[in-house]
């Protein structure tokens, strides 16, 4: 086992950005407050001094404008990283992402690649109220032509961007801002990670906990607690929300015969809706009970802490639901 | 439909009725029903499935022409050209 | 505009160049007429927006650009594609939906692409390609190339938020982009009087610190003149430029348009300023062409268009098995 | 001559009203001339002509609304052959519709009260593989559904399959997804030996003329699509049902005394390709038409051979028929299925010499046998039954 280092989720992301910028001249970071302010959440602090204003570009508050410009620069041979401060502002850039980035390759009959990476801060949990607490992974995961990644672990925070920069197609990366200060151990020599497959983070035989993003560490915590009560839960981190890797979670369900999907996004037309449909279609005869899910309550996220906590699945909810499923 | 394709379809349909047999071993003049141990009920099913798959009508008087592989294939290809 | 001053500059034009430019305008005019005919025969479906009347803008601007320059247009882009040298056969096949089309049949009339000619499409979301043009110019600046990115759009686009964001970004980042607004007075069915507080669009440029000019879009020589100045300014100062070409479309917005929003008399008035006969007169007066040569050019254009029709007719339908191709790239990495 | 047609100006334009002709017959037409004004849902549109020639004649009057493609006028272009100007033929390829494979129809188990048994897909699969009758199980899963451990418990506690230490036979017949074939063989053996041990059989036999019946079937099949074609056996079954109607003592069971049955459910012996037999019942056979009986056969036989019969379908016969079919023995004497009191055996229908009213001819005939329980009936009743059966076969149209 190579020696491990303790690192915050934020530091892992910054290392990834520094790596790709050092390795490839064509890479540059553009986004609101990424330069002089050091990044809205201090992710890019220090990068301006190291790489200069030409490669760490502060942009005006014109999400459609600068996202479109990033797409144009990618078309013309550069490898921009566009930072949309939070996913909440990405709606303003949706036309550029959906009608240009993810469509030009097809409309041009395969002539034009758009190798742009768009990073977006997201997630719930610091009482930012409705307009600043959106989970729109399902929106983007619905669009053919996009690669959509959800950074649920520190290894992925350190490694996903490195692989995303190689992609000839547009990649959208969801980073969970409330995890930025969280410290975890990762291998000291951690580097690029593949971005095509889901991953079993904990083996188990009684039930499959299928999740992504903010749900990953919650499910791992729940699985530990369940272990003490004789329930052996398997935790599957989807990691790639499009194109979705179904083999991994189908194999898991075929082993455990039970599944619980956990996510923070609103329940209707969500990632869980897609995962459960695929289990129904391809693992029906392996099910020993209906697939269940814990999702965001369908309400604009409220400001007060107790309501905010009640609107998304917590570890206690996962424990209670699993026990109900296994011991009715 | 070439004769080869008709033969392939016939073998497929016979396989469906007599799963544990191997129709391709049939000798051209060998009586199909005896060789593959097919009773009158399954014989009717076979005729129905042939008529649906190749969409040809097979009146009862022609049953005689379907007793062995050689005459069956000849009968069917004539029907399909007609 | 000081008409006289422009007149003496025109002498520099030689016969060969003059005839080439005329041939381009005539080819565009007749290509659009043929497209209309093929549409009524259901050979072309979907939306079809024709460039008849505005030929001088595309020809005039594009002749001033080099092969390295990038071009991005709107959905009314047949003229620009032809002026840029995209193969008429491939354009017609594209409108027929055949896989021999310049976008493999997948884009249709509104989405003509040709990467070999740096022709980055027909873009059908109004002003959607403006930020993209700024980005391409930004990339050129970073790569220290000295090419220009030329972005065509109508006066309708100038009312979109993205127009303002793009103008600001272009000026702020000082990128080599040439914004060309083809002001044909109507955004689909709404006159400019009902869409712009300030109808002389060139007045908007200075608000962002962008050098701007307006020109008579029906006068090929004037457009050529103005574009040459614009490109020179961009290359020397490394700053964006905003050129407004006042022009007019003789046909409807698209094929299924009763043109309730404008008077027939207005259309007739503008037809008197048709750029093709005006330029023909200039060439004849300057002895740069003969009437016989003009007829030859017209015949050659018709032949070229007939060949394009046959090419499209003989084109093949892409197999539905390929339906999901080009959603993701087939190369592993760049 | 060119046919000038109503042009299609948009995919959503189906028709147009010809408001006004802008050219008159005899006028010369040039490419791009406006030939007419047409009213559409979008308003009045000027229609161009793309051909050169003289306007010959109008075919549509002003004010008429006509669909796209209608010939509005003829233009004389000096050429003999008639061509069309606007040919709105639909050119785009029709995407072939991929056939959706039918979902295998899972049988709906019903408990006595009729509502559906709740069982997880996994539990159902295990139950089917081990021939466990789930209607007997108590569910411990969510909403009282039967789950895997319930089925596994039933298997371990329940009736062990008789041959536990069975070697898996490799020959091709094992390839069939049949549960183990030997268990089937042993079950048949047990029933037959019980029958032989306990039931005093008496046997009767009669050769019956099948010419009228066979002709009737031939005629009937001419009017029916191939899928609905009848087999002679369907006729035989109906004839037996009618005969039982006249001789009710044979439609009964022997359980300390003769218990007559009011329903006539005829069990039909189906031989399985992998060996062994099952005997599904056709319920109320007497009130069913020959077509309905054929339909029952078309449902029961394939399911029997695919081991998809439900236990309830195998336990309601009141009388049984066995038919030896072609290419083998001439006749068959059945062994009664307890607690029934009779079984009819049909031999092969074959051409034989047959005397009828002093004339000797070749007729299709069948040797019919009856094996009956002497505790329940005597030979006279058996022979009365065979006579009735023969009479019905001579009047097939009444069946």
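Which chain is which? They are A, B, C and D, in the order written, and residues in each are numbered from 1.
Rule of thumb we're sticking to: a contact is a pair of C-beta atoms (placed from the backbone, for glycine too) under 8 Å apart; a residue touches a chain by one contact, two chains touch by 3 or more.
As the structure is a computational prediction, the values presented were derived from the model and not from experiment.
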> Looking at the contacts, which chains touch subunit A and subunit B alike?
Replying inline: D
>> Once every inter-chain C-beta contact is counted, which two chains account for the most?
In response: A-C
> Rounded to the nearest whole Å, what is the centre-to-centre distance of subunit B and subunit C, using the mean of the C-alpha atoms as each centre?
Replying inline: 66
>> As a quick test, compute the distance in whole Å between the mean CA positions of subunit B and subunit D.
In response: 20
> subunit A to subunit D: how many Å between their CA centres?
Replying inline: 53
> Cα centroid separation between subunit C and subunit D, in whole Å?
Replying inline: 65
>> Show the residues in subunit C shared as contacts by 2 or more other chains, in ascending order.
In response: none
> So which bits of subunit D are touching at least two other chains?
Replying inline: none
>> Among all residues of subunit B, which ones touch two or more of the remaining chains?
In response: none
> Among all the chains shown, which pairs meet the touch rule set out at the top?
Replying inline: A-C, A-D, B-D, C-D
> In the complex of these two chains, what residues of subunit D are touching subunit A?
Replying inline: 120-123, 125, 140-143, 145, 147-148
> Given the complex with subunit C, which residues does subunit D contribute to the contact?
Replying inline: 7-13, 31-32, 40, 42-45, 48, 50, 85-93, 95-96
> Across the complex, what residues on subunit B touch subunit D?
Replying inline: 18-21, 33-34, 37, 39-41, 44-45, 47-48, 51-52, 57-60
>> Per the contact definition, I'd like the list of subunit A residues that touch subunit C in the complex.
In response: 28, 54, 59-60, 62, 64-80, 95-96, 99-100, 104-113, 115, 144-145, 147, 166-169, 243
> Mind pulling up the subunit C residues that touch subunit A in the complex?
Replying inline: 70, 99, 101-107, 111, 113-115, 120-121, 123, 125, 128-140, 142-143, 149, 161-162, 165-166, 168-169, 172, 324-334
